[in-house]
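See below for the structure under consideration.
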Amino acid sequence: MKNYQTIILSNLEISPGYWRMRILAPGFAAAAAPGQFVMLRPELALPTMLRRPFGIFRTGCLPPECAGLPPREYMEILYKIVGQGTRIMSDLHAGDRVELLGPLGRGFTINDTSCAKILVGGGIGLVPLFLLAEALIDKGHQVRLLMGGRTRDDVLAVTEFERLGVETYVSTDDGSLGEEGLVTKVLERKLSKYPCAEVYACGPMPMLAAVERICSERNVPLQVSLESHMACGVGACLGCVVKGAGHSDQRPNYLCTCKEGPVFAAGQLDWGRAVNTEGGCPEGGCR
Amino acid sequence: MNAKRPSLAVNVAGIELRNPVMPASGTFGYGEEYSAFVDLKKLGAIVTKGLSLNPKAGNPMPRIAETTSGMLNAIGLQNVGVDTFVEKKCPYYRVLDTPVFANFFGNTLEEYGEVARRLADVPEVTALELNISCPNVKQGGIVFGTDPKAAAEVVSLVRKHNDKPLIVKLSPNVTDITVIARAVEEAGADAISCINTLTGMAIDIRTRKPKIANRTGGLSGPAIRPVAVRMVHQVVQAVKIPVIGIGGIMTASDALEFLIVGARAVQVGTANFIDPAAMLAIIDGIEAFLVEEGLEDINQVIGSLSL
Amino acid sequence: MNAKRPSLAVNVAGIELRNPVMPASGTFGYGEEYSAFVDLKKLGAIVTKGLSLNPKAGNPMPRIAETTSGMLNAIGLQNVGVDTFVEKKCPYYRVLDTPVFANFFGNTLEEYGEVARRLADVPEVTALELNISCPNVKQGGIVFGTDPKAAAEVVSLVRKHNDKPLIVKLSPNVTDITVIARAVEEAGADAISCINTLTGMAIDIRTRKPKIANRTGGLSGPAIRPVAVRMVHQVVQAVKIPVIGIGGIMTASDALEFLIVGARAVQVGTANFIDPAAMLAIIDGIEAFLVEEGLEDINQVIGSLSL
Amino acid sequence: MKNYQTIILSNLEISPGYWRMRILAPGFAAAAAPGQFVMLRPELALPTMLRRPFGIFRTGCLPPECAGLPPREYMEILYKIVGQGTRIMSDLHAGDRVELLGPLGRGFTINDTSCAKILVGGGIGLVPLFLLAEALIDKGHQVRLLMGGRTRDDVLAVTEFERLGVETYVSTDDGSLGEEGLVTKVLERKLSKYPCAEVYACGPMPMLAAVERICSERNVPLQVSLESHMACGVGACLGCVVKGAGHSDQRPNYLCTCKEGPVFAAGQLDWGRAVNTEGGCPEGGCR
């Protein structure tokens, strides 16, 4: 985990309302694990005072600008414009300075079983799955990505997964791309095909809740990546808690999303009146 | 140009601090959380998260919301409880040569007294910071810190149970903060820290719900700085004991505003979230200011307000 | 898609307003100053600069300083005096079909009464807005608005001298605003507007002087909005008369926060300085919100807070 | 006076710490009078909330970007980085959006006498003198500019005045450009040469006070352009007042810099313990 004062290498709109930002970040790739995140803030002090949390989409390296200099390591985020902070980010240019804290949090746990590895992404929830897919494929696993979005505009970067060798299945609520319907429908169908599977999911809360139900009915191990409003990202403010398994008013069990998460085994969480499904989150859930 | 470095050392309630900069309670965990970013040995002091008699789970979420240049929080004083603090967190402080201020609170007068008692013989705790911004559950929720009598009472009781230097942290949600300041001074406080958060509220216009589950929360951050500077100025005029300034400090320049009106030290809260290294930059900035101004000692700045 | 436009009309203290948006006193001159940018006929009402018995020259400069997302001002209530107002400024209002709220103050109880009397028969003035955030020079500078007894007294007196709808504007610099709100309601106020500015201070670290000559000033702007929303929420719960919400409103969304917690109308202050057309954008934005939410009437939003 | 929501055409550092910004502003030139100013603010909501006042340096016109479109009228400001607001402005790029209110205030009064027209500029105080020089030259007057700065870096745009046909005399405190010494020394010398002169001055308060003394001793008419902290720029907030002639605590006479100024005849002002010489202004006075 490092506190970078660095610059943007590029910042492009990749789909209406969705942006991709590449940030110079020496040493980042080696430190980053799938499912971790960063806290980001344009250096130009702005009305959005707090840093914003973003998943790590991918890392990479560019050749040096001049011979003899070291190569330029970078990390990339994919972000959706939902409010003031992300809107301001989309106005930034290459060369603009940003403050980046990360990698932060606990990422996905990779179990080296031979069970089928199924990744479920909803909209921008696809972000943390790319490093995960890379890591799984590195270890020789076959990876399936079920990618859901409201419309075709919400389906991002699928070809990048395909280039890794991931089998991808796209569904959209309105049928404008791939299969029409919810990604959970695809998940149910897939799960019935594999005798043994593991699911990794990230997306809006209602989707995660549905995925959890499906997996727990079938006893399929599930890891989910959550969102929560964060101030510090490092476990100090206690602002980002979610309800853990067995939570009650008498015996509260709050977990810090930033430090104990953002990735949790489904069993760690209270799915009853579960994690924050309302309040401050953009329409349609937290991602 | 090889003049010797200016002195940043200050004395608060008999405690020598290497510099006047320390975290504000609740924004720096127990210190360890930030050790990756901040060399804790460089801070004037460490101020712990607020401690209570029993562990507290805190409020439901969402607990925080950003407002313009500020944030609302209703963490609900989640903490491990005083006993676990002593057992699990204190050992870490032994290797540091930095004073530790234990911030604490109670929901009844008795609880305040009992926490103070349990901290009395803990060698790692240098001083107490008494948070009186809590409602007294027994007295119908009247906030200790908004009533001079209740404030004095809790200070006297704590004083009885604990000999360590006692810093009392004031609430800004009052008509006249000097009344409370004088009351706690008379009751035996060795120093005052101010301010705690202003009570605020924000609404999600789509859901029509408050943005934080607790409805209202404490407003902190640069938005409140002018109110904090004014109150510190008032309290400095009103009492003889030293004052620690708190509220919206983001930069060295902000910290200097508090020192100029007479604060002996400052606490940095919300800024830690925005830049984990904020306190180090503030310390360096204060030193640079002294050099630029040709001053040798931070005490030449403290109280230098020219009216 | 050709549904009829939603209704923005509200009723405050018996006055029909075409929409709930009006300027905050002291930030819009007497109205005419902004007529180049704002069609005054589109506003819910016009609120004048604070008027006093005699013309007031105001404070020495500097009078304003920017703080983070806020500004401090100590204009010192500079104004032309009530008689000149009636003679020179009122005629302009005749052509407008917009209610005019005359904001006023006094330095003594008697002054308050006298200004009210002189405004009693002025047809261009629709209602009074009584600013009680002023120190009572005869009573050792105790601010009328921080003491429920003094507040009630001034309201009763004004009531006696003037039959127009009476809006009382509260100061936020108090421990419990509901106590003051109830006192002025009982004394005969027809509506409450809140909040006025929070007292603040800022220091120029080079000169060691306060950034405004008056030392302290009133903090306004988005920085104070969470405090204002909280206080409006409290006051709405505490009284039966309508409440006008004020404090840091920059956008329609900000205004809606106040309406949702129960404000019947809102005033826009500092935002006028930043964008002279701010109120028009806010009115349009509120209408757009109603359309998006499928609502026909702004009154469906007022007090719609869901707890 | 108009409230523009417009864009930056260019924004360049012209001397260390000094920037020149060109802003698209149709119809501005025709409305602008010498000595008026604008209130400016980047549209990206920023921590500097209030607009900042700037003198109008010059106006002009660029050919349309595509044939058939109207030409692009612009206005230009010159600004010095002194605090957070101006620092942020220097980070803006062509195409970034700004909010511009103006032209505002009362500019210079041009008296069609045959007296020598002497313009005195101190540092960035040179700004409002360019439109004035243009107007005077248009009317057939000969114009002299006495331009003072602390160092050569503080002497701006002099060649642009020369291109107009203005006789320019440069002085710097450290002698790094032109004559060594204060611009007021040059002024005294020049005034002794003309039987009849009029002075127009803009610069830091101590310079203006010295110019006032020199002119009043010699009975030379003087107009000065002042600065003051402003919130609204249109006469509504009453934050920008300066002490007028005869001001006393008993009979206060405050003038609004934004509406009754920024240009005043010297006789309108209280030069005793005059206009704000301290408090909030950058070192060395208000400009």
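For reference, chains read A, B, C and D in written order, and residue numbers begin at 1 within each chain.
The definition used in the following text is that contacts are C-beta pairs under 8 Å (C-beta built on N, C-alpha and C of every residue); 3 or more make two chains touch, one makes a residue touch a chain.
Nothing here was measured: the structure is a model prediction, and the numbers come from that model.
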item	value
Graph separation of chain B and chain D (steps between touching chains)	2
Two chains sharing the most C-beta contacts	B-C
Distance between the centres, which are taken as Cα means, of chain C and chain A, whole angstrom	46
Cα-centroid distance, chain B relative to chain C, in whole angstrom	34
Intercentroid distance (Cα basis), chain D paired with chain A, Å	52
Junction residues of chain D - those touching two or more other chains	47
Touching two or more other chains - residues of chain B	68-70, 207, 209, 222
Complex interface listing, chain D residues touching chain C	1, 3, 41, 47-51, 99, 101, 228-242, 252-254, 276, 278-280, 283
Of chain C, residues touching chain B in the complex	67-70, 72, 146, 173-176, 198-203, 205, 207-210, 215-216, 219, 222-227, 229-230, 233, 248, 250, 253, 256-257, 260-261, 289, 304-307
Chain D contact footprint on chain C (complex, rising order)	26-29, 33-34, 36-37, 57-58, 61-66, 68-71, 73, 75, 78, 204, 206-207, 209, 211-213, 221-222, 270, 272-277
